[in-house]
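Order as written gives the chain letters A, B, C and D; numbering starts at 1 within each chain.
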């Protein structure tokens, strides 16, 4: 991993710092938040930033800083789970599909195309309205929507790896499909998968927030970035930080993911890996 | 080549049908009682019972799908469970309104982003590149709902240049809607342009370092000719995919923007339909969206064929960009394979 | 008229006005982080009009970088740290943009290595030539474009001008590249590895063309190549480069006859040659053959017996149901301990045949048997998934490209250990020791086991590839163009290693190559293939001394050997024979079989 | 080549982010300093309405099934009040007052009621209102095919044949059982009078006798009404009203702030938004006093709340004043578990004790000390969650441990309400006492959200309807209220004001129940 990180440029470092910062704050939120993020205090409603409340309070007197700090927990958790599952499943299937080819490839890719052709948000809304908006449902929904996309990307990369000589060598030795996919192909699309993970995660976190914003994600009074924006955006001029705080946090995380993905892509030469020129 | 196009058309239709089936099956699992949902909290049990029988919700799922499919083939998308009106005309109206946002968005963002992307690519590492990259990075990272909220605050509430929301219903005339489209167009253009800029920049850089551009330069051609005639057709190939995917994304993803601006487009219709569990409407929207997605990809394929003669001879040119060797410029796929919130 | 030269650094170039090109103490560096890495150091040479100067060197010697400075082109990140480049008396790096454009394509033109990549894919061939003319203020209409194409001896120029680059063959693409380069009548021509991507016959023809044209146009020509044979045949004067310095720069004949620098001598030693064979003898003696038909197929070749490892009969392989088969009714036989070479250009079916033996491509028809069809032997016509473990173990592949034949994510030891484990060649406890033994055997330190392929040089990687093949304890090794990607000196080492191992392990080798000189070096017997058909087979000595099939003859004629100052005369690019199907066999000497053919005129 | 991000980008990036964010905050946060809800006005402006004005009202988008047929309408309240009249209506004290009926009386047994109609009332199509229209309207409401919610209230005491016209302006209702409160049952918004024979078309034509006549209408879309010059009480102050459907609350507020509309209906602004609106140069806020009646139903059939002791403990454990202060920021009145709004003439003036210790003791007695369960809420209404949070917070002192659990708002009333043991809910006020108690608290009523069943309470309701003496009847209703407070399963922690956003130009806004004062409301 060390070798992977070297030479990815300063933007990459900034990206990693932004991601780790957000993740760390989200993890530590229960301990470092000055207030309970859901505890309302009518006496302290709608205060501007002050020593007691750095970012002020919202209409129920809840501390905006505490809500912002805790607001990433849900989104990051869902993003982590959903992206990990989707990318893992997509990577495995993508490699398998690429390696096996033939009718299996045709059938899987046809379904993949069909799922991809339905707009993400519609597919997501359908799943959420079918099963409610619990966290695992959202995770499942994102996995359903994004796994096909990952399959497609990884399949593309794996197809070029598949034709490389070391895979041919393995075939000539008489290795079976499982070991070839796991030992030969998968490790060599890991660059693509890694970059894909970062990109995908950035979309997932935005998607989660959008869902929350539309009222399908986290439920009030839970602190959640998207939800906070939905709750407070009309009152942007009265409680600016209740909207800007979560958005700044969200944007910094997404920027972090983009920079990381750029850096990784640059360092790993992912585009070349795809075409097998590498 | 006509055979090639025909083949793609065939697989496109298959994709759309499959997509409609998937959506149909998914919606069948809805636990909430559609009728209860439609009639609302104050509905009497008698009214609920009557509506259930009227809608014939007891027919088996698969039969209903087949019936629907045959109807759809004849342009009949069924009747809305909620309004009792045919889905088709209403959807068409909303679709028209969304197009009113979508078309300017596509024109503006594609033009702007190709120009900016190429400039950034040519000026790689220079000031212009840095500013363009920074702006597109921000545009990608700040959620649309925030951008929309800020724009409304600034240009509708603060300085009343544009309407904050659309008050007219879906039947509004184009002239009535026209003043309202600009803020949505700006929001969508920003998000869309960001991705295209990045892609164009990357592929421009790729192409500009390729051997045939060096050859063209060393032939003593003017810079402008090298860029316009030699580099652009190839550099735009990967950009095409991104544009296609973005157009499709936009038609689905206008949900947020239409919601915020109360714009009577397909996105709002979609939200409303999902809220009401209006199965025929959701189904119709899904199919229309799938058709647009497939059509955009088809169009991108055809444009690619026009731009790059090599594309005309590959039987399975697009099945994941990885299968697209192209010139040296085959971009980072994850950027191409964008499907966004 | 005399060509000014200098051993690097010690001679001031003379300001001879007759020189079209003068490179004076040119130093170029590349910025890597904070450090400046020199790419070229104090390179000086001059080329007079009508003369050809050759720059020869292995990869990374800086020869291409130097060549491109004649067009005032540097790679991004590189900069001139000393010296200058004068073309027609002007310092090319001091030109304003307008004059720079005039220089590029106008005064100096470049023919790049890979024409397939240097032609703009989205533009018709004619248009590209047209703009090469018009961009230098030349009046140009369609006729001029056609004339330019005609000049490089392309057929059907009217149709060709309307095509896109990908619709042309490699040789045609390279000719278009040349037409484009000479379109504006430049006074200096830079040829950067102009024929590396072409097969031998096409290479000879293209070089001939360039030489004629540059003579006709009286250009000062700079040719850059790693191939001593090419430079030898083309250049009047040759400079040998290594690590960015010119080691030796002398008239061609002198340099090859009496190399001064040790490195040059080493290079010349490492280049495989056809040896003592006389070129005149290679001309086919049986023109319009078919009179002396021998109905017996070549499997009967020579002394059969228990020492036959593998025999194939009537093997055909098709990728598509329609269209010609990739391999068409080929018989072959490999004996124990023997090296059989298959020679042919790309598309001849030689690799397909090899992959079929390895079980990766199923044969459409025919039989392929090992061990004379008895004992543990088996049917090699089966794909690998249906072969027994012994059979899979028996045949091992070594690949052309050492870069792609090793999994970049697995260590060297892991790569070698895998076949050990899979075939159970040694007990698990012994694996580690065995890996180290194998590494030592292929001439690598045992400590290399921990390394990843990326941490090895090309030659080292190829050694690992060999070790991996040996790990399976095979009886037959298929070596598919294993030295094509390597520099001459490395190639020599690898070939030596392979033949040593072959002897010590008693291995049979199927050696696939397009390079006749290499084949002459390593093989016992050779097969010549074209379009999936076997045309000639025999002992190396017999085949290389003739008589030959006309195709073999044309291959032999096209070989460029270092020291040959002339290119082969008007090499026949057009095939002047027709395959006689099914045809019979001639046997000029025992074991040397030649397929009968018809003269092209008999059509 | 992958997307590059080279050296210089870091500085540009940091600079850009700082600049952008900084400018934004500088521009916005200036207004976030002062505290509280104090600057939200208490009442709408009064004054003289200018002539010839049209008002623009934004309403939440209803479903496309929306109809203007009052008998079955579920959402088009704004239209109904503008275009129709009832026989009688409810005033702010919950008293039944004349509308189309000028007077009414009953036989002493309370079984036969006679209503005299106002003379000279015309429908929008020019026809004169007669008793026949009233008979027809009631028949339409009682027709099971109509599916009117009010049929459930009226049908038990009234057959369609029981409604007759004794002359052109007199309607006689022959009830099947005595009902002293019968007139109040006709104040429901489903009882707007429509012209005879109009049932099939009324959902679209909206022909009534109201101060405005319908000029255009799209279900869930926009529509407009024009002043009806022939209205019996004289023409309204406005020339017309345009109604717009806007789904998203924020969008409605933005439209108001951008000056695109004059009033937001059916929307209770949250406090932060209310402050934004109140501080806008073009808009302000008015209150509809005690317009929402918030409840916490404890499902009496659940194992937790079948025990009256537990229900009593849940009530004793909290102080409604605290809830009003926290959840409503003071914008409302404490309910003390009495569902009858304090301003009603029939309201029981009784404040139950607040005693968490007693609550704890009761729980112990019931064997559920330290009760632990979820309380369900959703974003259906902006006050639901604050209410649930405040209640959960309040009852901690009695050792009750509630987990606030948020459910999806679109299925809240189908999946949670009346299904989960403990949830929050609300009703619009503006119902007559008899209907309120009968609909929400009587055993077996379809709206009995707590499934509470108390025979004594049911008997009191029957008795009240039989009691023709207003004073005594009031006593019975108050006894019933006491029963609800002591034994009932539906807590009423508070009545909330609705914070209504309107333009600063709006004058004489007042709203009660489901209706604006359409005659007076105007624009300055």
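Convention: a contact is a pair of C-beta atoms (placed from the backbone, for glycine too) under 8 Å apart; a residue touches a chain by one contact, two chains touch by 3 or more.
Bear in mind that the values here come from a model prediction, so they are computed numbers and not experimental data.
Colleague: Name the chain pair with more contacting C-beta pairs, choosing from A-D and B-C.
Modeller: Looking at A-D and B-C side by side, A-D shows more C-beta contacts.
Colleague: State, to the nearest whole Å, the distance from the C-alpha centre of chain A to the C-alpha centre of chain D.
Modeller: Spacing between the chain centres: roughly 43 Å.
Colleague: Please compute the C-alpha centroid of chain C, do the same for chain D, then give the distance between them in whole Å.
Modeller: The computed centroid separation for chain C versus chain D comes out at 88 Å.
Colleague: Can you work out the whole-Å distance between the CA centroids of chain A and chain C?
Modeller: 48
Colleague: Taking each residue of chain D in turn, which ones touch at least two of the other chains?
Modeller: Counting only residues that touch two or more other chains, chain D contributes 1-6, 9, 13, 24, 250, 254, 410-411.
Colleague: Quick check: what residues of chain C touch more than one other chain, meaning two or more?
Modeller: In chain C, nothing touches at least two other chains.
Colleague: What parts of chain B, by residue number, touch at least two of the other chains?
Modeller: As it turns out, chain B has residues touching two or more other chains at 31-32, 137-138, 149-150, 202, 206, 209, 259, 271, 275, 328, 332, 335.
Colleague: Which of the chains are touching one another, listed as pairs?
Modeller: Taking the chains two at a time, the touching pairs are A-B, A-C, A-D, B-C, B-D.
Colleague: Which stretch or stretches of chain B touch chain A in the complex?
Modeller: Residues 11, 14-16, 18-19, 21-23, 26-27, 29-32, 137-138, 140-146, 149-150, 153, 202, 206, 248-249, 251-253, 255-256, 259, 270-271, 274-275, 277, 282, 285-286, 289-290, 293-294, 319-323, 325-326, 328, 330-335, 337-341 of chain B touch chain A in their complex.
Colleague: Which residues, counting only chain C, touch chain A once they are in their complex?
Modeller: Residues of chain C touching chain A: 358-360, 384-385, 387, 389, 392, 395-397, 399-401, 404-410, 415, 418-419, 422-423, 468, 472.
Colleague: Given the complex with chain B, which residues does chain C contribute to the contact?
Modeller: Residues 68, 71, 73, 76, 100-106, 109-110, 112, 114, 117-123, 131-132, 135-136, 164, 166-167, 177, 180, 184 of chain C touch chain B in their complex.
Colleague: How about chain A: which of its residues touch chain D in the complex?
Modeller: Going by the criterion above, the answer is residues 9-12, 14, 38-40, 42, 44-49, 56, 58-60, 129, 132-133, 215-216, 219-222, 230-242, 244, 248, 259, 262-263, 265-266, 268-271.
Colleague: Can you tell me which positions in chain D touch chain B when the two form their complex?
Modeller: These residues of chain D touch chain B: 1-6, 8-9, 12-13, 16-17, 20, 24, 56, 58, 61, 63-65, 72, 74-75, 144, 147-149, 151-152, 218-222, 244-248, 250-252, 254-255, 257-261, 280, 410-411, 413-415, 417, 446.
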